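Have a look at these structures, which come just after this line.
In the two assemblies presented below, chain A is common to both, partnered first by chain B and then by chain C.
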Partner chain A sequence: MRLPARRLVCYGLVVGNSFALMFGLPGQGMHLRLDALSVLFLCILVPQIVASALAERRGSIAFWVFAGAMVLTLLAGDAFTLIFGFELMSAASWLLVLRGDARPATLYAGMAMFSAACLIPAVFLPASSLAFMLVLLGAGAKAGLAPLHFWLPRAHPAPPAGVSALMSGGMVKVSLYILIRYGFIEFGAAAQPWWGSVLIVAGAASVLIGALRAMLEVELKTMLACSTVEHVGLIAVGLGIALRAKAMGNLDLASLALQGALLCAVAHGLFKPMLFLGAGAVKKATGTTSLDWLGGLMRGMPRLGLLMLAGAAGMAALPLGPGFAPEFLLLHAVIKAAATGGILARIGFTALLAGLGLSAALALGAVVRLIGIGFLGRPRSLHAAAAGDANRATLAGMGFLAALCVPVALLPGVVLGMMEPVIQLLAPNSAPAPLSYAPLSLFLLLAAAAAAAFFGLRRFAVRGTREVPAWTCGFGSPPAWLPFGDPLTQPSATGFAEPVRRAIARGVLAPQGVDPAEAYLLFPLSQVSLRLTRVAEHIRRSTIRQRLAFVFVALVMFLLALGLSEGG
Partner chain B sequence: MNLDYPLAHLMGGVILMCAFSMLSQRRLAAMITLYQVQALTLSAAAFWQGFAQGAGDLYLTGLITLVIKGILLPMGMRQIVQRFNMVRAVETAVPVGFSMILGVGLIGIAVLVVLPTTVSAVSLTREDLAISLSVVLLGLLVMTLRRNAIAQVIGFLSTENGLVLAATGMPGMPFVAELSVALLVLLAFLVIGVFLFRIREHFDTLDLVGIEEIERRGR
Partner chain C sequence: MGMFLLRLVATLLHIGLVFALAPLLMGLVTKLRARLLGRRGPPVVQPYRNLRRLLHKTTLVPDTATDLYPIWPFVCFTATAGAAMLVPGFSLGLLTANVGDFITLIGLFALARGATMLAGMESGFGFGGAAAAREALFSVFAEAALLVILISFVLIAHSPTVDGVAAAFRNGQLGISVSLGFALAAMLAVALTETGRIPADNPAGHLELAMVHEAMLLEYSGRFLLLFEYAAMLRLMVWMCLIGTVFFPFGMARAGEILTWPGGLVLWAGKLGAMAVVLSLFEIGTAKMRVFRVPEFLGVAVLLGVLAGVFLFVAARIGG
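The block that comes next holds the complex of A and B.
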């Protein structure tokens, strides 16, 4: 029986066979392939593209090239297609960043080139530690893993909000997809436990630095980008534990950690684009994203505020939010991993647990600051006071993502069940423990309790009313000459973060609150580059005699080396 | 008693001495004289090697060396010096003592390189090679250290003398190579002469300071 060609194509894709395209490298072509891992990441990616397109950026060619390149990377069936899609994605997103700001675009282009320089040799190397380290450097730099994360808080906030959303929620995931595909599948046979350890260390550093910077940054979008670094770190910690456990033969732990990491990727892919779209709407309404100039937005833009609150609950990993289940699973995986391995591993995992706890608290603080300073209280500027609610398109895009958040938040067990083929693909023959967290019943219980309390109060409360002065959360009514109050009577975003800055940031960040990767990696590198440029320029300007002397000294050095090696 | 080796070594030593003393001479006339002595010794060495090895073409090498380097080039250089009125010109770029220390070091390096690397070769060639490599390096050193264009030319020619010395000491070196080297030197001298006149026209001096200044300012 002959199937129509179209159905054959679909058939080939679904079963996992590769599907050859008509163009590509001569004699080799390009291949598309769809397996469980690609499907999962497509499921993460597509809602974001839909939401970003709904909210804005419908007519931008670069945006669609960017989105299409990401899909192509996920669908790639051979190394060339993968690299082609990845580089197309980098180039298109560079163009989009360039539209926002030129300086971060340059930094971003340099980082993209670095990651290409690592990835391109890596995907064509045979499976080995060197190849995996190159993949880790290349994909990790693009995903924003410490210590190569410094470009992310600069480049992600630069473009318009729809692109920021897709970069933070989607592009980072595509890089992680490459890391997973090569770490677990392509190089899976040669995996060593220390690969996972490297990933865990890098992830833990990202988590800590990202959470801390998210707590300290004043710009809303920069803060969201720092939180992306944190979540990438969380995913990397999960992947690292899984890689290590798989290489050591502990498949159940590997599947548990994978569940945490992949669920974290799913959740982050939903709430982070939502928050970025909301930040874009805030910028459109008030002209700024600096928390120090916002305040009281919940009154002017209530629907946006509600959606932001939902996203923020996910970002802070609050119970009943989408971010809680993955963090719960990850902490379980860390606790389980702490019971395996030697004394050093045990101490390390225990410290990791403390670090994750600290960063979870910091993330909560960051979210409290985001909502409390930006959306509650009194407006700090006229623009913030006059802000109207976001337009319908943005609300629709955010609402779409928020609706998708609900099943992830309330039915994580079902989502994990749907992920089962991916887990089996990455850690074959594993039997993960069932999730011991049932938010739906918890939610129903809470709802029932709240409803009972409400009706009880209605039924049994004292009926009489009396007038009392309104409690204004601690600050007095605004003076007559300042209609929305003196901004200085409220804590600013900077002031809110000051205790954390004093207590923790001094020890973790470089002086003046600079990111340690910037202070200890980027700055010295730029110094070295400057110095080398000066030396090169000096050599280029040298006189005839100096050039003769260079050649002569080189000759003498060569002779000396020859004589010493022969004589010795 | 066989005079082959002692005489060859003696003449090699004289050539090396001349190359070394060029470092210490600050006047162009003295450098040209030293170069002439070096070239004459080289032609004598070529004749002696021709006699000792019984090779006819080495006589030709000696003759070319005698005519071109021993007579024509020094004459031409003396004329340039006369015409440019540089008889009393004194080189001041690098202290003499320092350049001589460098020269001693270079000779040491040459011996260090050649003697261990050529253990298998016959002794005549080995020491001749060490001497000629020293002469080459000293010529290069003169080119590097001196700022006067003529002095650099002399360094270049001295380097070439070292090469020819190596060629004569090596049995079986084809004559064509020496001939072409000699012609090349002649051509190079002509080209450099033209350049010298141009430099002179532009800067009123043969000191390369003028060119360096232009380079510095122009870029």
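The block that comes next holds the complex of A and C.
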């Protein structure tokens, strides 16, 4: 990827398989290059950009800079172009976050600088464990891998929905692309099994925390952002298993895990932007995204509701949805990995599988909560009751993504076949087993069962329905001035999460349900920074005598050091 | 070709029997339980009568329900029916064998559960929502336990499908394995929770506050309720078939050899009957748990599943 600078930079000159641009570093220029991996990630990215642009952000310059920078990062043929595109992406997205909400923007800028500080030295270092750890820290922080994920549920919901969609679906994928590019290709020769183990541990923590927080958050967009943390974790687990297996020489397992991870990236890149766009439409129609103020949106927004349901099925990894095939592959990869390595690693993989099962069920709970509280039942506010359906642009953007979900859901084998060059690039000479999940046969079976039930009932049962007041175990009907009943008698989003909060969150999250990374990493760091600021302030406010004393002591120390080194 | 036809007939026979006998199994368990408690109990065919009665009832739809109200019973039934077609009963080597991966099965259970939970939240009243929240809590641990047990199965049998695992357990000289014992215990705990039996839930309960599965269906009536009730009966059948097939695969027929079918059918009926007896004995000997005790109960199942795996790894280490 780092090309020698022997060629003159000239516009439009194709050097080898890369494409040189006229500007860039003096004497080196910038190079663009396409290979299977960048094509795959472009295929993930472009539909989201199209859908977001279609749905809302057509006129914003920052949005197009953001989207262009992501494409530039994926096309980069040398380290400078890569960093340039990545930082441009960070800066543009920071501007977009700042426009939406100023509060998380500072935190976001801090994280972007941290990831830049890790990435910039890393890409110029020779292949080594240190370089990989720096890439992992830099790209992982930007992708939202635990424990550096705490900014993501704050920053991703801040900008307008189209940008949130692109940040959650696209920006994290670009970071993962860098991780894959460096972990598997650039530093591939120096890879150690423990690199993969680190990635697996970080991924598992992200999965668990992300799924749990998605179940607990009340804000719709924050909840979706937490679910993004979960899916990034799933992808990282797959990549970690692949990296570990490749370093240990087990190429078949590596290719299986890679298939799972990359398919998960594809599926997540389709359904998550869809859900974010839907959340934006809900915000536009009702003025809020707090689930506790929504309810019954299915009546006013039927088409949006159906699209959200389709995206939610992907998010919960339900069979015949787009999210199931990747989950299937990843779980099989974990099971296969449990048959390799030392006994501690095997026990670790068993625990990982339990954690993944826990998170899958939590994701289902989160989705049921999203649909059940937000779209079903009775409205909890007049705004929710009066909501009209989303505009056609938003529906078109979401519908476009939903249409792309269909092949991923029903023909994952074909999609995997198209990914074969990428797998061969990352794990050369591997022969992945064919996918044993057969969605088409399953679809036929289920369709037969559904048709039998439908026609059986039509033939034998009493037809038609009668609308009546709900029974609710004999409670009285609501008074006339509350047409939808008292909202307080409905299950709330907070209340729905309460059993999980009581039984699980108390053990996993920090006190008061705070994210552990925030409580045990961000908070101590901010304390240290505060203390250092106080010390600096103290020094700044010192009197003239104290300053003279400082200078004198410093001079004495300097002379002493000089004298000692001269004498020694 | 003849082999394929035989397998097709066996598959159709299996599907027909499972769908036809599911209410009978439910009735048998209810009857046995009542007899053990000293009551006469409803006749064994009562579930059939209930379903027939629901066919002739008008379907009432609450005015607070949305347009998706009729969808959930179909999704729940379809997913459960799909699982029923994938889990082998009297015979191995059915046509559905290759589709019947354990993880697909877990996904189908999750789909049915999700549809039921959404049905509970459909009309927006407290009982349904509370029950759905509890179901979400139980499912978290149940799914973890199921996946962990899977590791032991796949490592012993080298196959991820129910059919393959059963075939390996039937043919191999496994003897009595500590791992499989733990896995069985964990699987039983999950099965009791998933089918809504005591101690996690009481299928005969009448107090809305204490219900889990039934409380989600409070607003359903007529043919939609029929689908949910039939799905519940099928679920009991599926879980009994699953446990019988995986842990007691002896004597199962081969779909390609018609002469083995009668023996397989008789043994299958015997296994189901035995499991019904064990279930009713267990139910009268246990009290329903408080809601927040159930996660502990299922947490033990997760731990047993992990232990099953650990024993397996240690055994592999010692055995070389």
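Note that the second predicted complex is superposed on the first by the 509 of 568 C-alpha atoms of A that agree within 3 Å, B and C clash if a C-alpha of one lies under 4 Å from a C-alpha of the other, contacts with A are read in each partner's own complex, and residues count from 1 in each chain.
Basically, a residue touches a chain if its C-beta (ideal position, glycine included) is under 8 Å from a C-beta of that chain, and two chains touch if they have at least 3 such contacts.
Everything numeric in this text was worked out from a predicted model, so none of it was measured.
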| item | value |
| --- | --- |
| First, second, both or neither for A:328, with chain B first and chain C second | second |
| Touched partner set for A:350, first chain B, second chain C, both or neither | second |
| Contacts of A:544 with chain B and chain C, given as first, second, both or neither | first |
| Chain B versus chain C as contact partner of A:552, first or second or both or neither | first |
| Partner, of chain C and chain B, that touches more residues belonging to chain A | C |
| Contacts of A:564 with chain B and chain C, given as first, second, both or neither | first |
| Set intersection of chain A contacts, chain C complex versus chain B complex | none |
| Parts of chain C lying in touch with chain A, wherever the complex brings them together | 54-68, 70, 74, 77-79, 81-82, 85-86, 96, 98-99, 101, 103-104, 107-108, 110-111, 113-114, 117-118, 120-130, 132-134, 136-137, 139-148, 150-151, 154-155, 160-161, 208, 218-219, 222-223, 226-227, 291-292, 295, 302, 305-306, 309-310, 313-314, 317 |
| Touch list for chain A against partner chain B, complex | 540-541, 543-545, 548-549, 552, 555-556, 559-560, 562-564, 566-567 |
| Complex contact set, residues of chain B against chain A | 106, 109-110, 112-113, 116-117, 137, 140-141, 143-144, 147, 208, 211-212, 215-216, 219 |
| Chain A - residues contacting chain C, complex | 215, 295-296, 298-299, 302, 305, 309, 316-320, 324, 327-328, 331-332, 335, 338-339, 343, 346-347, 349-351, 353-358, 360-362, 364-365, 367-369, 371-373, 375-378, 436-438, 441-442, 445-446, 449-450, 453-454, 457, 460-462, 464-473, 475, 484-485, 489-491, 495-500, 502-504 |
